[in-house]
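What follows is one structure encoded as structure tokens, with my remarks underneath.
Read from first to last, the chains carry the letters A, B, C, D, E and F; within each, the first residue is number 1.
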Amino acid sequence: MKFAIQINEGPYQHQAVDSAYQFAKAALDKGHEIFRVFFYHDGVNTATRLAVPPQDDRNLTKLWAELAEQHNLDMVVCVAAAQRRGMADEDEMKRNGKDANNIHPAFRISGLGQLIEAGIAADRLMVFGD
Amino acid sequence: MKFAIQINEGPYQHQAVDSAYQFAKAALDKGHEIFRVFFYHDGVNTATRLAVPPQDDRNLTKLWAELAEQHNLDMVVCVAAAQRRGMADEDEMKRNGKDANNIHPAFRISGLGQLIEAGIAADRLMVFGD
Amino acid sequence: MSEIKKFMYVNRKAPYGTVYALESLEVVLIGAAFDQDVSLAFLDDGVFQIMKGQDTQGVGMKNFSPTYSALGDYDVTKLYVERESLEERGLTLDDLLPLKYEDEDDDWAEKDSIKLVSREELAGLMEDQDVLLNF
Amino acid sequence: MSEIKKFMYVNRKAPYGTVYALESLEVVLIGAAFDQDVSLAFLDDGVFQIMKGQDTQGVGMKNFSPTYSALGDYDVTKLYVERESLEERGLTLDDLLPLKYEDEDDDWAEKDSIKLVSREELAGLMEDQDVLLNF
Amino acid sequence: MATLHTVNKSPFEKNSLASCLSHLQSGYAVLLFEDGVYGALRGTTIATRVEDAVKSGRVYVLGEDFKARGLDEGKMIEGINVVDYAGFVDLATECDRVQSWL
Amino acid sequence: MATLHTVNKSPFEKNSLASCLSHLQSGYAVLLFEDGVYGALRGTTIATRVEDAVKSGRVYVLGEDFKARGLDEGKMIEGINVVDYAGFVDLATECDRVQSWL
């Protein structure tokens, strides 16, 4: 079965990013497909490559990036939500005249249409949030 | 009177950063002192210099930075919370071996002791959050 | 992807205190381009999103409530409001924005976008969806 | 800054679902170095923070509940738990971590850090503080 | 010795206002702001409890937040006072401590 | 035609579970996870409503979240089934749609 996953909250502050990760991993382990993971609202903050969580705690960006690499996941960060919150890749950085970028290469920035498209293409949309 | 302000939520997702700003402005207008503004939990995300909110919406980082400049405010970002969430200045970037930083120069990164110190020094501690 | 799915945007939170109302409206606007069967549900504190007379000047935030009035032009014409949620909050339909659309199948007659439904009816409508987007 | 103030950390939220419990505990540990008069209040869902038997292996998060047991070593010895909050959640003191400290003024006798108080008593204790830290 | 209690959550969504109201001590002031302003509406499922709080103490609502949400002062519980951000500052200075019911 | 309803908020803090329970249609499945697992406890102020939901449909709790919070299966309302993340996935596939009561 084909799943789409929407994540509405940022890492650590809420468990949403953790739960979505555990769900995605379990679904993939069972042979299901994840059509797309869409990071919206504060969920976009998951995509930072600058986080340094304590050594005895999980690193959520790294966990998602590893899962994405293993299973060729499409992880999309909403561009509008990202702009509000200071998440940028190199293109966004240049387009907005900023001097730095912070997005991990496992994630790509795109529009809200990607969420709708995921809702259409997937058999089930799972929403994790607050 | 001397106020200290603690902010527990990130910008836009919750109104906390807005309310704290309006409160701080009103307090300063009345001639009160703000001993320190302490950004904790997702509040640390307020300090990003990479945000590009829509033109018809407010830019919270800019508003705080301007208020800080006008009134010489001490705006502190908790280092532990910042590390978890990918907020770094140049020192933190180097210390953690990262390739970019994203903190606006109006903010400084420091430890939780600064919050306790603010609670001791101020006449009132105001907490804004979710 | 030519299949038409039933999408319902489920709004349960008040505006301004959190960003969900604003950013879910942004999804609705983008989603309108996809020619799906779209509806919005307003229940619990979600009914506060479409209160009339919103004036955000004092809080320094953007008043996005006028956008709800534009939904009809995007062919988003089914806005279900839960009666019990209104009553629990001391509200009536008169407190809400008078949201309208022009029905192209009925000689462009102006019609109400807001459909007042009972909790039971709304639960049934949710059960009839393919995709539920929660914010 | 030589004046001693009464600091109360007010814990009203459950652990793990959100970060507040963990990060407020981090403040308590740092704050212990400042020689103030410190207490913690656990009410509403905050009482869940000090449940015994927490096991986070399955959710992949760090189990920080052992840290509460170390608070006594930091001279943080006043943990007020609201009786009504426990009752509303079907809990008793037996469900909570057995938090102890050694009283240096009483020949290092081991004493309970948890003080069960009524809602009315807790409200009175809050009224007696200089600084209330809310998470 | 009085405490300013602030509530920023909707009483229909969260337990913050209910918990606040059950921890009031004499001389209290309660300020409803952000989504907390919905607690000031008449005829709601929580209104009776707020009316009780108005009888034995001071209850305020932040006008800017009330207006932002399209609420009408005609729908406000009688006895609640409207303040602006400057009034919020005054309340914080007049009271001895502030308890934020997040 | 059945819906999987997921609830991730504590029923003592937020109205998510109460709202969910008042919108159930026949054939429903309810999964309590994250802070929602507190809704599975016996003898609480919300337990009667959850017990009613157990009588006329299926109610599940995510074991990993239940354990994380130090909760004991001996304290769980009878008739609630424990699933793991794999079971969560199965529920999502068996039901026709998922409603997240955030």
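We adopt the following convention: a residue touches a chain if its C-beta (ideal position, glycine included) is under 8 Å from a C-beta of that chain, and two chains touch if they have at least 3 such contacts.
Owing to the predicted nature of the structure, the values given are computational and were not obtained by experimental measurement.
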{"item": "Given chain B and chain C, the chains that contact each of them", "value": "A, E"}
{"item": "Other chains in touch with both chain B and chain F", "value": "A, C, D, E"}
{"item": "Number of hops, chain A to chain F, where each hop joins two touching chains", "value": "1"}
{"item": "Farthest-lying chain, centroid of Cα atoms versus that of chain B", "value": "F"}
{"item": "Relative to chain E, chain with the most remote C-alpha centre", "value": "A"}
{"item": "Pair of chains whose C-beta contact count is the highest in the structure", "value": "A-B"}
{"item": "Chain centre separation (chain E, chain F; CA means) in Å", "value": "33"}
{"item": "Euclidean distance of C-alpha centroids - chain D vs chain E, Å", "value": "27"}
{"item": "CA centroid of chain B to CA centroid of chain E, Å", "value": "26"}
{"item": "Contacts with two or more other chains, residues of chain C listed in rising order", "value": "16-19, 44, 59, 61, 131-132, 134-135"}
{"item": "Shared interface positions of chain F, touching two or more other chains", "value": "8-9, 12-13, 15, 34-35, 64, 84, 97-98, 100, 102"}
{"item": "Residues of chain B touching at least two other chains", "value": "8, 12-13, 15, 22, 41, 54, 57, 80, 125, 127, 129-130"}
{"item": "Each pair of chains that touches, named by its two labels", "value": "A-B, A-C, A-D, A-F, B-C, B-D, B-E, C-E, C-F, D-E, D-F, E-F"}
{"item": "Contacting residues of chain F [partner chain D, same complex]", "value": "8-10, 12-13, 34-35, 38, 41-45, 47, 63-65, 67-72, 75, 84"}
{"item": "Chain A partner contacts - residues on chain D that touch it in the complex", "value": "16-19, 59-62"}
{"item": "Residues on chain A engaged by chain F in the complex (per definition of touch)", "value": "1, 3, 8, 15-16, 19, 22-23, 25-27, 29-30, 32, 123-130"}
{"item": "Complex interface listing, chain B residues touching chain A", "value": "10-13, 41-42, 45, 48-54, 57, 61, 80, 83-88, 93, 96, 98, 100-102"}
{"item": "Of chain E, residues touching chain F in the complex", "value": "12-15"}
